[in-house]
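We call the chains A, B and C, going by the order they appear; numbering starts again at 1 in every chain.
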Amino acid sequence: MAKTNSGRFFEDYTVGETLHHAVPRTVKMGERALYHMLYPARHALYSSDQFAQSSGLPFSPLDDLIAFHIVFGKTVPDVSLNAVANLGYAQGRWLAPVWPGDTLRSQSEVIGLKQNSNGKTGVVYVRTTGLNQHDEPVLEYVRWVMVRKRDVDAPAPETVVPDLPKALSADQLVIPKGLDFTNYDFTLAGEAHRLSDYEIGEQIDHVDGVTVEEAEHMMATRLWQNTAKVHFDTAARPDGTRLIYGGHVISMARALSFNGLANAQMIVGLNGGAHANPCLAGDTIRAWSEVIDKAETDAPGVGAIRLRLVATKGGDPFALRGEDGKYLPDVLLDLDYWALMPL
Amino acid sequence: MAKTNSGRFFEDYTVGETLHHAVPRTVKMGERALYHMLYPARHALYSSDQFAQSSGLPFSPLDDLIAFHIVFGKTVPDVSLNAVANLGYAQGRWLAPVWPGDTLRSQSEVIGLKQNSNGKTGVVYVRTTGLNQHDEPVLEYVRWVMVRKRDVDAPAPETVVPDLPKALSADQLVIPKGLDFTNYDFTLAGEAHRLSDYEIGEQIDHVDGVTVEEAEHMMATRLWQNTAKVHFDTAARPDGTRLIYGGHVISMARALSFNGLANAQMIVGLNGGAHANPCLAGDTIRAWSEVIDKAETDAPGVGAIRLRLVATKGGDPFALRGEDGKYLPDVLLDLDYWALMPL
Amino acid sequence: MAKTNSGRFFEDYTVGETLHHAVPRTVKMGERALYHMLYPARHALYSSDQFAQSSGLPFSPLDDLIAFHIVFGKTVPDVSLNAVANLGYAQGRWLAPVWPGDTLRSQSEVIGLKQNSNGKTGVVYVRTTGLNQHDEPVLEYVRWVMVRKRDVDAPAPETVVPDLPKALSADQLVIPKGLDFTNYDFTLAGEAHRLSDYEIGEQIDHVDGVTVEEAEHMMATRLWQNTAKVHFDTAARPDGTRLIYGGHVISMARALSFNGLANAQMIVGLNGGAHANPCLAGDTIRAWSEVIDKAETDAPGVGAIRLRLVATKGGDPFALRGEDGKYLPDVLLDLDYWALMPL
């Protein structure tokens, strides 16, 4: 009896089945400290208990992207071990803060399947939910990946492609219970700009860059118990390079965006995202943002800002696609998210 | 008066003396988080408080190898600063879990001495015990190292070689108080295989590999307050390479063995081990295991599995020694241990 | 409206103004664990709750240099983003221990300004104070930096140069409340030498060296939320190297000084310091110390030792300056501090 997990292939998925991902994880302040070591993260709500308390929370929760990475990492052995490409995200919502001491686990429902015309691969759509120790959902998102078939002669499943709206509307966002920005201290937070200071269409160059190292991205990826071979093993790819986990680029870009978006405190919605080009050690990650939308919320003093966050490894800020409509070769990430910001 | 520690030489040891190693260390969840960042560790009992509670423990203890590395690290300034080689381990037993908040210290009794025929070095045998803040032993093991003489003309001590059985018998293993695997959740743990699914003699290729970096092994080794120069200082070895701490290879291989041995939850016995060849940054560590023995225990649902764990930097899985009986050059580690697994 | 922070230039400072630095930070044991991973830190009071308790403290505080780095890091966006050079430190005092769970913030008073004769730069003197969540000061120090002018034609401010004594006297040092070394355990601490064993003028070569890596210094610097571009971005300096944060060298040298100064437990005063030459990845940091002064304190069994700590990347130990009076090219750091040691 084979003991090791060789991962699922395209024909192993059935629409409607639920995958219960392994290895729950208790997270505490150690993970927070590591996040601050791995990324230049400075958003005040995730840095200071007192700042969180003055914003109506009992204390500072763990960063929204820590929750994302842990929930995501657990899905890798069941969803993306034989993936050719991570194609997209949609309908991501943070549903409750993750507190130090919480234990997270993940499960995914298969919501779509579409074999590719070459007959060798197919697209698998899953809706992944992260749950805490009270079985309360803390995060959900849809992801679709291209997965190899084990047997090219296996019959194609019925095609089911879920209807995925391009973005969440602001009223779909879940605001953490008690959040209140009416006493917001802009000096402690680091910048004076409130939601009304941002214009739809405004673009912000976040200026700073970080040159990334092999040791850093491997440690970050391991921290989320993400086991995909291409991140760790120089024998896994033909050219001997280790591909940097796309989530490492997301966290780096989000942290760099503090410079200009210090008050976009909490990510609460993930509308979509593309890992446009591979990132490798030695690349210098830079970031720019564009304001896509703004909205009020029911929470006192709390607004929502919809942002495009683009990570690059060079090139002109604000350049995104070439004349052919394809991402420029220096673009690493094109992310569309909602964050909460004082009105 | 010289203020710095130049380490002990062979003639500085006396059979029967006890070395009280310096610098006690309080460990908490931060060390756990770091362990998860440094190694692809996923065993559920050390990852989730809830999983540990469903196994009869009050919450999740710190990984068995964290305890080993911390206890070991403290012995370096007194035992292996002038060591030529770390020759072996025997009779290692984990005696009590290490809980977040515990403070660990180490002491070693010199149990054997044997001068080598060249008159320049000798073998020192110590039994090291790790103790917590209640002076309860949490770990004990025998280690023997080859140590330089300060003065080659110093007289040879009487030869004392301790009688070290090749392995612990299963009834010598100490099971953590309360441990109960009768409600074990194999889905959350990550694999379906219980003790009865493993055959004595069965070999498992753990498939995955991790290419290691200088920054990682130095951070890991420092974390255990291990101060041996060869790990940190490019001037310490003639070829300018930094030798990777053997314990780093142990932890990496053990973590990789999750893939195929996810239910070998807790290491409770160390029968023996050899660091077969040096490991250097840039090497890709892989691992395979062989089932040596199986046993029941007195704890409900809890069995014990004796495993050979071999780490390599390449070569064929399951290859160990050449025709000359020596370890093959790609073999890094040959470890013999007992772990607890659901029956 | 520009959203990003381009930093302050020389003409933006006014003597007497107070800068309230952004992003308070709650620190816990995770930061301690990271400090032990990044540096070979072994001082017992900062390693063991029990050792701290036997020294009269409720438990082990966070390392003195963790407090320094966090307080310092917060000042970078307001003080040194456009700095040409960090010129010196003076009058640094640790005023209260930092406990796990404390939240730190920083503020700086501008206490001096002096435009340079070239008209392009000027020297800014600030007194920085770190405060905890009770608004109690935990640390204060004076730092002066050379800052670029935005507009070379901006008028020079009135020259104000603060009077900065070359060193704190022993009676200016603040001893943590309750500290008592009368039951000090020299074996657990790692060395037998008490204050009376050290002679003024005595020099100690700390023997060990650590070759530093890019990943390590970037992680350390990020951990303190220090955002200076030169540490992270290979495009920030003409030669493509990343300059290692001077504080990384301070912590590395201080940790190496354990070997010979294991009982210099707590830093309580910073008399002065110079970052003599840049440190780059690949350098091997070594350290030596010289005893400058000794004093008694009011606390039972507690003495104070004033030390010069020199970090080098090679060269002869105890060599500091050339015949021209300038620091030798291998000298990285020349630090003058007070530490507490058992009498």
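Criterion: a residue touches a chain if its C-beta (ideal position, glycine included) is under 8 Å from a C-beta of that chain, and two chains touch if they have at least 3 such contacts.
Please read these numbers as outputs of a predicted model, since none were measured by experiment.
Visitor: Rotation angle, subunit B onto subunit C: superpose the C-alpha atoms of these two copies and give the value as a multiple of 5 degrees.
Guide: 120
Visitor: Shared interface numbers for subunit A and subunit B above half of all numbers used, same, or below, different?
Guide: Comparing the two copies, subunit A and subunit B contact each other through largely different residue numbers, since under half are shared.
Visitor: Per the centroid of Cα atoms for each chain, what is the distance between subunit A and subunit B, given in Å?
Guide: Measuring from centre to centre gives 36 Å for this pair.
Visitor: Show the residues in subunit A shared as contacts by 2 or more other chains, in ascending order.
Guide: Residues 28-31, 33-34, 213-216 of subunit A touch two or more partner chains.
Visitor: What residues on subunit B touch subunit A, complex-wise?
Guide: Within the complex, subunit B touches subunit A at residues 28-34, 36-40, 42, 44, 47-51, 59-60, 187-191, 193, 197-198, 204-211, 213-216, 259-262, 284.
Visitor: Spell out the part of subunit B that touches subunit C in their complex, as residue ranges.
Guide: So the residues of subunit B in touch with subunit C come to 1, 3-6, 20, 22-31, 33-34, 77, 101, 103, 105, 133, 213-216, 218-220, 222-223, 225, 227, 229, 232-236, 242.
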